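Just below is one structure, and these are the notes that go with it.
Which chain is which? They are A, B, C and D, in the order written, and residues in each are numbered from 1.
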Amino acid sequence: MPSLQFSFLIDRLSAFFILLVSVVSVAVAIYSVHYVEHGTHDGRKNLIVSFMNIFIASMVLVIASSTMFSFLFFWEIMALSSFLLVMTDFEKKETGKAGMFYFVMTQLSTVFLLFAFLFIYNATGTFDIQQIRASPLVTSVAFVFLFVGFGIKAGIIPFHKWLPYAHPASPSNISALMSGVMIKVAVYGLVRFVLLMPMELWWGILILVAGTVSAILGVIYALKEHDIKRLLAYHSIENIGIILIGFGLYVIFALSGLQAVATLALIGALFHTLNHAIFKSLLFMTSGSLVNATETRNIEDMGGLIKRMPYTALLFLVGAVSISALPPFNGFVSELMIFQAFFQSAFLGNPALEMLLIASLAVFALTSALAAACFVKAFGITFLALPRSEEAKKAKESPKLMLIGPAILASLCVALGVFSFQIFGILGFSFPIPNMLLIGSLLTGLFVFAWLGLRTTAMKKERIAETWGCGITSQNSKMEYTASGFSEPIVTILKSIFRTQKKSERTYFDNEKVIFKSGKAEIHLMKFFEERLYLPVANFVRKVSLIVNNLQRGDVDLHVAYAFATIVVFLLIIWWFA
Amino acid sequence: MNITLLLYGLLNVLFVLFASPLFISLIKKVKAYAQKRKGPPLLQTYYNLAKLMKKETIYSENASWIMRITPLVNIAALLVASLFVPLIVIPQPTDLVGNVILFLYLLALAKFFMALSGLDAGSTFGGMGSSREMAISALIEPVIIVVFAALAFAFKTINIPDMFREALTSNVLVNPVLILISTSIFIVIIVESSRVPVDNPETHLELTMIHEAMILEQSGKNLAMMELSNAMKQLLLMGILINILFPWGLTTEFTATSILISVGAFLIKAVIVAVIIGLFESSCAKSRLFRLPGLFGLALFLSIVTLIIEVFA
Amino acid sequence: MTLSLITILSLYAIIGLAIILLVIFSKSHRVINLLSIVLPASYIALALYTLASDVLPNYLLGGNYFFMDHLGIYEVLISGVLFLLAALYAKSYIERSMEIGEMSRNNLKLFYVAFNLLLIVITYAFFSNNLALFWILAELTTAFSAVLVVILNAPKNIGATLKYVFITSTCMLFSFIGLILIFTLTQSSLGAGTLNWSTLMLVASTLSPGILFASFVFTFVGFAAKSGIVPFHAWLPSAHSKAPAPVSAILSGSITSVGIYGIIRMYAVVAQTSELPKISFFLIAFGLISMVVAALTMLNQVNLKKLIGYSTIENMGFLLVGLGLGTPVAVFWTLFYTLAHAFTKASLFFSAGILHHQFESVRMDHIKDAFKLQPFASWTLILGAIAIIGMPTSAIFLPKISILLQSASVSPFLLFGLLIIFLFATVAFGLFLIKMFSKRSEDGSQELKRFNAPVSMKLPIIILLVAVFVLGVFFPQQLNDLLKTIVGELGIR
Amino acid sequence: MIIAPFQSIAQILIVLILAAAAIIIVKRDISSLVKTYAAQSLLLSLMAALLFVETGSIPLLFLAIIIFVSKTIIIPTFMTHILKKLNIKRDVEFHFLSPMKSLFASVIIIVFVYVSFSRLLAELNFFNSSLFFLGATIGISIVFMGMIVIFTRKQTITNVVGYLTMENGVVLFSLFLTELPLLVEVLIAVDLIMITLLATILAFGIDSTIEEFHNRLNPFQNTRKLSTNETSHDDFLRVQSFLENPNKEDK
């Protein structure tokens, strides 16, 4: 019988996640000091800050709790506080929509978790997480419900829809926390419970497939986004997918007896969790600075900011390089570990499984390459070339604390990447991963060497002039390649996934349709899951509730008639039982 | 990290550095012959590089420091990458260098900055170039990964030198795996070194060019660096193909004779491959950008078939 | 010296009638309101005194008509607190209503007289040992609360009240049939007919189960109607939405619990026999039906008070489910749930009342930039909503989880169904509040002047919310013992 | 032991009560509805008196008196008093069931109640005579018939009559089953009167101005002389505005 008795247990797993939460929170806190000031939130500043603290505390307590009851308790508090934080600008229309999505989805996840917990309790008679010993049937049912529950919170496709709505709507420091940390709490829950329950192979396959789908679809949807925060949100979906891929690999390998590879995959997944927390928060914070500076979230209206906000640009670049998994930064190392785990699948000895892994591998590779492409777009269009709007022209570098916060994370990105080998050595893992310290120093060394070499040997004369612009009189921002133009080839190639519908109509001067008069063309990208999954369900529920409403619409007579009918039924019941 | 390893590194890097431009112009020559032209001299690329080093560097007003660091990042990345692919001497086993994934991502790093520099000046060409380049490289990525996964399956290692050693001692790659995998790698080379039908390095026609468009804004020594790193990339990929398929002459011990032999052997093999590339290039036309997925699909299919064969055999 | 219970019981009546007389003959609103605050206060004091001093349960008038046991005292305490705060709140609310002409001054005294009479009747209903007596008093509560609902100057109120009176009294007639059946049954088996719960509890096991079940079903009809169980619920939302806010609070706090009280008693009687599984199933079925209908209806409501009313129905359904589960734990938490629910609902209605006086309506489309105009009421409304949907640290959370846990042992499907229903209710609240608060007035309609609620209206809300959230984290030992004793006296095994 | 004449008289009375209920279902003229109700109550009290004569238990006598006073005198007079004020004389609309259909329905109900209670009451061992059983069954059936009246009729005043009919049915039922303590009976009567008053006043309020309605509702009207007229005046205006656009307030 539950009562408000909380008990906490911190083992290495939870300690790791608590570390993750705290590191990111520190940076975000530093960042928020100035960020909160900028926003026009009148009296809400204080509320934001206080709720932010509740939010962080609740996340730490969720991770630390050792009974399902306290887990749920703080989980609810986490959901509630984050919801209130999302609703900060509650007057905005989009915020309302975001809030609805987020509220419904988070409640849904609670439903699934609660069911799983009570189900387990009913079977085992204890809320203690460590004591989950139950029949395979129970654990399998529990696993499915836990997976859905945590999946919704982590935003794996198809339960992802709240992310791209909630993140743009909420203040950037909050999106940094939510996307950087909160969805990791869901990952923690999944890992924690799956590790404690007797695993089965199909769990691993389910996790792997879900992860793969989320990864590829997440990045593909990110490619077409021009709202920078929504783009980042979709990348969170992608990275959660990558994490799940690693975890799924762990389950599969562990059950196939390849313990070493399994450990590699698991550590890779966890390491990627940490890395994603770091660089995603970094990116969200810097994008928050951008939004503050340019008053828009559309990257089509930015551009040229590298000259106006050089430090922010540098920080964003570090984040972009890390999330694109380029050496020697941290994002690369964790993806490398997962890749290596994939490459070991030759030893599985189960052809069908191996083929599945290979397919997933190919998709994974595509994912990381597309991520790189997407961030070339994000950085290039946002920071490089000429400003695309007046606000962008007038943009100013953000205040110091809004740089220090991200800077901490940026340095962590580099450090975790370069010293990864040593760190794992200290932690007592010996993985066959390359020594990034060597590579990093080689890169820098050769960079400097080449620079010096050029200085000495090559011609020093440099000139800053106008380069050839296809014969235009003067370079202006209209001539630049736009974000949509940049992603157009990929969008066209992947049109079957985007469900792109191109409409074009032309009018001509003559009947032979030769002399073109005017025309317009539009590209409409279908919101597949929203239009095919979410809205239908919502509409169905709404229809049912309308029916129920109309049944009750009426005066006394109708309801007395209902009572009459019911009592007649009662007579039947009595007659039946008597 | 002992002395021989250091020696290996030095040797390999220098070899790549100095041998790579040769093959660029060699392929040009082959194509020229195919078109009944005389073509440039074999050392033309070296001349170009020397000339570019002597020219002044022009930056666009809109360009930022991205433009300035990109050539250096490229050359640095490629120099490091060239440590990973032993062309003439296979060092004794080591974890320090040779990780195939790291190798691929070093190339990706170079490409990432190249694409950024393409966008930097704000000219239309650059943006077009980097957009197409990223699209293509994204689409070829699965092929590359699966190919190397196939190699890793075959050789039970993810270390390039070890692969070569395996290939040298036991030739596991019997047909048909040989043909399949070589075809895939060949397509990869074509794509990565931006050649027809994917790209056309000769023209500066906006419809066709991709790689050239990206580095359009580069000039002087920076252009030289870009060209050089591109040549090195091509040579490294060729080297992988060569040393896996026919690793004959590849040596493992540091003696002057064996090194000379293997240098000769490698040059011969590389020339052959270059000729094949040239002939292939001149045999087919530049295809539309949106036709390319078909080609990549073919490559992916072949590599997956390779894997299937390895898995079920 | 200790008063004997008979004196205490008569004290209730004496104080009550005295106060009513004073109300009739006093002039100013303040005095009247003060008197109406004194009455519940004295009742609470008496109840606490009884709880402290005498050994319960105690049977009066030879056990024929009245008796006191812990359950009765518990319910009286809840109602007492509700009435106290409602009276406190009513002062300014009613004053304002009369200013804006919602209610004519002539009805002021009528309002307070009915208010106090209602409290008296409810108290005696909870103390009545005799089923028939309880039935009559319950009917009287209908009459007086109907007066409280109809007091406002709106034809809609009359309609709502008619619904209320007709549905409840019609159904109550059936429960009268049920109780005649019980009387006859006892007469035929014991010789002398009785309707005393105290006796019935003893002899229940000897009675013929078939008729007992039948009479349970019949009595259930009426009590269900009073506690707003679907399909006898129609009166509840309309009455709640039309009545003045303090009255709505009382309706959903005390009147419904009168019905639940009757059901609990009958359940306790029948639970002694072999019919237990049957009626458990019966109760769970009706609880589920009520919850489903209420939750689905909540999903598109435009009227705030209607929404809250439907959530009352949903919670009543949940109470039935908890009762039907029938394990001591479940009943324990069900009893606590009634208290938590009553308090939370009262706070919600009070906040809604402030909004009502601000916007002269509680319809979503009339409420604009609420946060700017009524920050206090908005926040209390949000907190109340958080509490009623059973978020952690609210008093609803623990009972909810525990009852759900009990339901899991019956069947996982029941558990999942309940969870989904709760999801609907929660979502309904969430979406409603989001929509309502995100409404902003276009520049034309700025001249809406602020209604600044006095402390006497804010204080009750604060008290209730504090109580709810404190009870959520701290469960007093006395309450725990009290509830345990009640469960014991109800003979739940 | 029950002798024949009593039996036959009782049966006649029961049938008459049932007939009254049937008339209440079909009749459209409201004043005659009230009259019929009074007649039914009279029959009911006669029934009680008859039982008193038969069994000789004092409470039954009192019950007869109570019924007579409350239901044949107080309530009908009050209702006719209200009816004079109301401008409606007939209740012609029917919901759900036409009168004929409702009669058929009530026949079905009677049979059904008979069947379902036959099993039930069989367990009550002292049911030695079919008469009691008949009375009980008819009682329940009349309750249902009253309910039918409530939900088939539109006018509130008619619904009140229906409610009263139901109550009569309950009393009939209890007459034949058992005798409740006298106090209870008194209280029930009082309670019934209160409910009826309330319902009738409400029914009155439905089709009159709020002002008159509250004057009728409020017993403390003259304890305090307030400026009734202008408050009630703007009340009147409010009501007018309501009636003009009723969907201003919610539905």
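Structure notes:
We take it that contacts are C-beta pairs under 8 Å (C-beta built on N, C-alpha and C of every residue); 3 or more make two chains touch, one makes a residue touch a chain.
What you see is a predicted model, and the numbers here were worked out from it, not measured in a lab.
By the count of C-beta pairs in contact, the leading chain pair is A-B. Of all chains, D has its CA centroid at the greatest distance from the CA centroid of chain A.
A straight line joining the Cα centres of chain A and chain B is 34 Å long. Averaging Cα coordinates per chain places chain A and chain C 46 Å apart. Centre to centre, using the average C-alpha position, chain C and chain D are separated by 29 Å. Chain geometry summary: the mean Cα position of chain B and that of chain C are 79 Å apart. Counting partner chains per residue, chain A shows two or more touched chains at residues 556, 558, 560, 563, 567, 574, 578. Among the residues of chain D, those in touch with two or more other chains are 119-120, 147, 150, 156, 159. Among all residues of chain B, none touch two or more other chains. Under the contact rule stated at the top, the pairs of chains that touch are A-B, A-C, A-D, C-D. Here chain B touches chain A in the complex through residues 53-62, 64-66, 72-73, 75-77, 79-80, 83, 95-97, 99, 101-102, 105-106, 108-109, 111-112, 115-116, 118-128, 130-132, 134-135, 137-139, 141-142, 144-146, 148-149, 152-153, 156, 158, 216-217, 220-221, 224-225, 289-290, 293, 300, 304, 307-308, 310-312, going by the rule given at the top.
Taken in their complex, chain C has these residues touching chain A: 159, 162-163, 166-167, 170-171, 174, 210-211, 213-214, 217-218, 221, 225, 231-232, 234-235, 278, 293, 296-300, 329, 369, 371, 386, 391-393, 397-398, 401-402, 404-405, 408-409, 412, 415-416, 419-420, 422-424, 426-427, 430-431, 434-435, 437-438, 440, 473, 475. Taken together, the chain C residues at the contact with chain D in this complex read 24-25, 27, 65, 101, 104-107, 109-110, 113, 130, 132-133, 136, 139-140, 142-143, 146-147, 150, 153-156, 158-159, 161-162, 165-166, 169-170, 173-174, 176-177, 180-181, 183-185, 187-188, 193, 208, 210-211, 214, 241, 302-303, 306, 361, 363. Residues 1-4, 69, 72-74, 76-77, 80, 87, 90-93, 95-96, 99-100, 103-104, 107-108, 111, 114-115, 118-119, 121-122, 141, 541-542, 544-546, 548-549, 552, 554-556, 558-560, 562-563, 565-567, 570, 573-574, 577-578 of chain A are the ones touching chain C in the complex.
Of all residues in chain D, those touching chain C in their complex are 119-121, 123-126, 140, 143, 147, 150, 156, 159, 163, 166-167, 170, 173-174, 177-178, 180-181, 183-184, 187-188, 191, 194-195, 198-199, 202-203, 205-206, 210, 213-214, 217-221, 223-224, 226, 228, 231-232, 234-235, 238-239, 242-243, 249-250.
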